[in-house]
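Shared between the two complexes below is chain A, which pairs with chain B and chain C, respectively.
This part shows the complex of A and B:
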């Protein structure tokens, strides 16, 4: 995403400059020892996608895609990913603010903890969620006996698992934007009579909106593709917890054509998201 | 110095172009308290006119940093414009931030119109700040930037915007109401920032290097405007600057700060005539020496004596402008000047249509001379010269 951003910006600047300079930069700038691995890298990233398109069962595709299971899984995926993003926004943005602006002992340690789910294998995250929120979990047993709330193996559980995995992306993105934003705008707001919360709501939030949007897209994309934590914590029940990635994985075992069709749908959704948001948000500062 | 006077005269001109400000003082009429923002001139006094004991600012600011300690006392009556003048890193901005509540006081006190403010958070202080780079909220229009303060103070959206529109009109910026800050020029931004700070009806207005972000041409114009707005402002205004010209044009009183301490305080003309530190002397373009006076003679701490017209005794300063110095190639014999020293040219630079010679030797000093005189004397770095100053052109005062 960043690379799109920078290359676009670079293209913009170049278009303003003299044309001769542009050609010269392109010719001269790339030494072979860099160009060759770069092209291999590009091919490596593109090849699987091309293979997916080449082997797609185009003739039976309409039938595959109109099946009720596909729509069920797709709808569940979109709903859960969006819900997980919403939850991440509500609790993740304040967390990012805390990490960026508040001064408290052990802040570095807390930040490390927040980023832990980024590197933690999602399956481990799922197991940890079960131990915390499962029916006999540390908190889950109280949720169950006091409120009758059971999270594992429910749609809400899917949202919980996806939020756990996706929120760090949002937090890191928003925290970075907050650090880059000038805190003196908040000071200016307080000298005008705004409380710290008002200053955050009316000044900081609008200023970091592009960063929040970028973080939300990252989190949404991560939630949409979530597999490990979801299947561990929420299981794999069609219509309730079977999201697209789970459906793709299962379909691959007994109906590869369906798996390819489902994958194409996810690919299309991803491309649509990138294309739709790129101009509005990704190129913003 | 001549510059200062010229600009001061500019600034003192009565307002002509922009709409003459409608200066309404006192309370805003009988029903003013219930809806003070609606359709009223924004300078309306926000507080009921009860008897307020010691009006104005009474502050003793002490801020300890790891490598730096600020310790200054500041007092000002309503209507005063006080300039904190000092070199970079002297602690001026820290003092301003302490007044605004953005930096906590380590010790001391802060009273404004008799109310203790040291523990009051910045949002609850009746203080308005114009920041050095203005810090206009980039996502809000000029109008909404100004309306922000009244809105935070509880005015309705419509009332605060009406108030902001009035301020824009006073600043002559009505046609820029819907402009975002990035589309405003430096001078326009400065006026919006000033209006934004004033729209909260502060009892203390703080300006951090108000003209530093402007180019030379805009600066002159904005300085004159700012001077007018400050003259209208009925509460205390404190501005911070490292530019003596800004300080002298805008302020009634200067507090010179060096290394976190106030080294001199007084009216601009007083400070210009009686500098007490090298920094101020340089600012106002004077040669300044400290010594011990005995009658007409001041024996300088650095060696030579200077004959003066004043009769003093005890520690004293002697000051004279570089233009009072006359240079000779040979030791002066018949000259009426009793003060002459053997010096050496350390450096030369053009200074307007004059040459400023930097001299070292018996008495380090700065001398101004014409280009012709410099050529006749064959001045160049390292050239030996004799410098003389008439006693009548020196000025001695007790230290």
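This part shows the complex of A and C:
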């Protein structure tokens, strides 16, 4: 492997995806100490999925999947994950910009705080959300008495829980892209008379679009699979807060075959969406 | 490729199980040295030793921990280790080869998972029963006095999901009294249903008597007559792969003894 290969690979990562044309030429030079662990890693990730496919109740699958409850849960999952991604974009991208570009004391500490939901067990995140935004929560009690808004046990609550867990993925991804992007373009724009916000909108945003897309896809995928925070904060009611992961978990208690069938649907949908988005957005120009 | 991979995994799993079993036994000398009469009551067999591993339903945590300490005191040299959890996942662990001597589950249905695989060594015996109760906010501000009161639309009520024993029992009680109750949430287990009331997010929950008792002053219990039509029986059994069957039998005897029953009824359980 030559040094140009390495730098190409690094550039690929930064731009958010591999370049198709490069793959074939690079494979010839892959050294064994890298190839072997890489293949083990791939097998490790794929084995559980293969096991799921092998043990899937294929013969009863059509029966398992025709119930209205399945499609209700799937639709709710897709709607909530998309809404959570949208909320994450609106407040997460500015937060990432703040962390990457603005200079303020304690920035490293704030950055660590932002990644906190990644470390927190999601169930604990759900309890924390209840303590903050629940009917009796620190902020929630005012939401209730002033506006009559209670979030737990509502679909909005599902979106809140999923946003809490998924947004850090977006923030980290966008912040990384921002740090790698050359700030001189923005400086040039401001020198030419653009305000800092105009520079962000017209120069920075197009520059980091692949990073934002990658982060949004990550956040969407995380939100789609969210379980712990959702069931703790929003509860479980079919059609209102029962997303696919909740349906899968509860099916697992008395009907593992149905749980596998539900998981397959979730897998198929997410693979379809992720593969579609990856081709469209995440490959470098 | 996948078949050989599966075999490799099985070997690895067996290795892990063996390791666990070894570590569980490491504190004991030799379990086979205990050759006392198992049918006698717990206190009359002084030669027991080694570790007893008990898999028990989460609702048994407090009372079984107390009983475990009593057992260790009555039989110096023994140690009782517990794994508390949802009965269904414990059962899945046992059929998957987890090293346990005793299994105490919260419903005959979850016990059946183990007996269907013939992993039990003795016929499961019911040792306590648990009855439902309504948990309300402290002081019962909504004046809940019956199951029917919960059907009021102004109340936020949580139930266990019908897939878990407490939810199935609640559904049975509601059906028996021909009531229709729309909760705000079907919780995944009894403790999370209770917690919604403890955190004051829900106004009431249908849980077990023992959970209300364990929560102390954080909730207030309201008994309802319909609960008698949905009482859960708790079976206990010795497991086939028990490493220390003599001491395990003695522990089961303690649970069924007058002494053990006193501890369990103190926690709110009903006699079998």
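In this text, the second predicted complex is superposed on the first by the 241 of 285 C-alpha atoms of A that agree within 3 Å, B and C clash if a C-alpha of one lies under 4 Å from a C-alpha of the other, contacts with A are read in each partner's own complex, and residues count from 1 in each chain.
Just so it is clear, contacts are C-beta pairs under 8 Å (C-beta built on N, C-alpha and C of every residue); 3 or more make two chains touch, one makes a residue touch a chain.
Just so you know, these numbers come straight off a predicted model, no measurement behind them.
When the two complexes are overlaid on chain A, chain B and chain C sit side by side with no clash.
Within the superposed three-chain model, A:152 lies in touch with chain C and out of touch with chain B [touch as defined at top].
Once the two complexes are overlaid on the shared chain, A:134 sits against chain C while remaining clear of chain B. In the superposed model, A:112 lies in contact with neither chain B nor chain C.
Of note, the Cα-centre angle with chain A at its vertex and chain B and chain C at its ends comes out at 150 degrees, rounded to the nearest 10.
In the superposed model, A:40 makes contact with neither chain B nor chain C. Put simply, more of the residues of chain A are touched by C, taking chain B and chain C as the two choices.
Contact with neither chain B nor chain C is seen for A:30 once the two complexes are overlaid on the shared chain.
In the superposition on chain A, A:191 makes contact with chain B only, while chain C stays out of contact range.
Of the two partner chains placed around the shared chain by superposition, chain C is the only one that A:236 touches, whereas chain B remains out of contact. Shortest separation of chain B and chain C in the overlay equals 47 Å (C-alpha atoms, whole Å).
Residues 2, 5-6, 9, 86, 88, 156, 158, 161, 163-164, 183-188, 192, 196, 199-202 of chain C are the ones that touch chain A when the two sit in their complex. Against chain B, the residues of chain A that register as touching in their complex are 182, 184-185, 187-196, 198, 202-203, 206-207.
Interface residues of chain B facing chain A in the complex, by the touch rule stated above, are 100-102, 121-125, 127-129, 131, 135, 137-139, 148-149, 152-153, 196-197, 200. Those residues of chain A lying in contact with chain C across their complex are 43, 47, 50-51, 54, 127, 130-131, 134-136, 152-153, 231-232, 234-238, 241-242, 246, 249-251, 253-255.
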